[in-house]
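One structure coming up, written as structure tokens, with questions to follow.
In this document, chain identifiers A, B and C correspond to the written order of the chains, with residue numbering beginning at 1 in each.
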């Protein structure tokens, strides 16, 4: 019957470069993991915090990127005031954020915490391990709001060998409703504020309160 | 019955100027080679890394050019830090990238590694021999993702006398499935990361790790 | 039976001002000559190489003008490096390129070499005699690609008293297929690279290799 049609969407090893985070998406065909890649987009021309976005994003996701950028700047400014390189990073560098695969249209607000994490990972110069995936809308002050497709996203994560899942606290009951066999081997973190997300991704980094 | 209708799409000799690379494309009528030409677009006005794109590109291919540009800058910055002319080239020159033939509408992400190679060839001032053709989507950090039309693209390359083909590693199984007569005389390189592409195109250039 | 319906499209004498070149176009009604006029568009405001285009051009022809501009700059920069006035002309002057007649919609890539010649004629300050007409798509590095409507364009040129025709080399076989009576009194030049066009238009100008 030939090769298995299904192929993994994963194309990074366990520890990708800083700025790469795994999100969770779903559509009519089910769930899938979704990489978000962010890098510096210039090295010599003076950076001004401009963000270039690619990956066929719809309007809501473009705005989600703007929200994530503003919040990430404020988050770093508030919690890393003793380290100017970190606090100034997102304002003195131009970034490019890409949502592979290039031809797939993507929209919706649920990549908010994922985009935020990609930028913060880049600013800190710290990788996010690829056994973690996340999904959650983010508000301008970092509150994490409910999303849809909990079942599809959970199944997609399990299928791709992702073991740690970050979901909004508001979706805890949806996860609890899922049959046990779907959740087998998976560790869930339910978050209300971006600080909670940060602690899962960068447990070794102490942040100023 | 008059002249053969089919004519070659090749219009460069074996060694074109730097900045010219052969890609592979396909549509409902089959595969074809696709030149990607890149040149400096100004000499006196101070360059700022702006990129002009022509060739009737659709949205996905325009974004693919943005991704290739960002990645090429980061690739040169990382691997040629001892040569400022190279690392600064894509930020201190304005470029024009053209996808002949001018009237044919083109779209899709699979020219990613080809566009990247055209810019890097230009920045290094090194030509890419015309017996090499390539196809592959590129991610923002240089991962090479799967493409479609493997059979059509392979047949087009063979028809045009291209002997070396660079395909994504994820398409190796599709190539293996092709009947032997199609692959006769062709050398395949399966790549996962842009560094693999670079080694095929510029074997004599040592890059810093 | 009144005036002859057919009237000539020619409205310049044998030697027009620099920047005016005759192209060849065709549509469902047959072929016609097509003037391309280019002039400086400002004298006091500092020129930056901006190009204004009029004549109801479609997208492909607008891109063809961008390609011609980039190539013309590189051509002058490469072959006239001892004359800064020439090499800097297209970057330190704002131009206006017009394709009369104003109400006729025009599109397609086949005016590439014509637009290029109009700009180079302007930069050199040398007129192009009106007994020459040309047609050919141009690539970013000056390769001349095949066009359509060879018969219609040849008949239009003959009808207008144009005696020298520049066609792409790739169309030589189409010209050879034309009946002799159509080609009577016409001189054909088949070109593969813009340098070949240049030599026909400006035989007295020696260019640096």
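A few remarks follow.
Heads up, the rule we're going with is that a residue touches a chain if its C-beta (ideal position, glycine included) is under 8 Å from a C-beta of that chain, and two chains touch if they have at least 3 such contacts.
Please read all numbers here as calculations on a predicted model, not as lab measurements.
Number of steps on the shortest path from subunit A to subunit C, with steps defined by chain touch: 2. With angles rounded to a multiple of 5, the C-alpha fit of subunit B against subunit C returns 60 degrees of rotation.
With centres set at the average Cα position, the gap from subunit A to subunit C is 53 Å. Centres computed as Cα averages put subunit A at a distance of 30 Å from subunit B.
Residue numbers of subunit C whose C-beta contacts span two or more other chains: none are found. Here subunit B touches subunit C in the complex through residues 2-3, 7, 11-12, 16-17, 19-20, 35, 37-45, 52, 54-56, 96-98, 100-103, going by the rule given at the top.
Within the complex, the subunit B residues that touch subunit A are 48-49, 59-60, 63-64, 66-67, 70-71, 73-74, 77, 87-88, 91-92, 108-109, 112, 137, 139-141, 143, 145-146, 170, 173, 177, 192.
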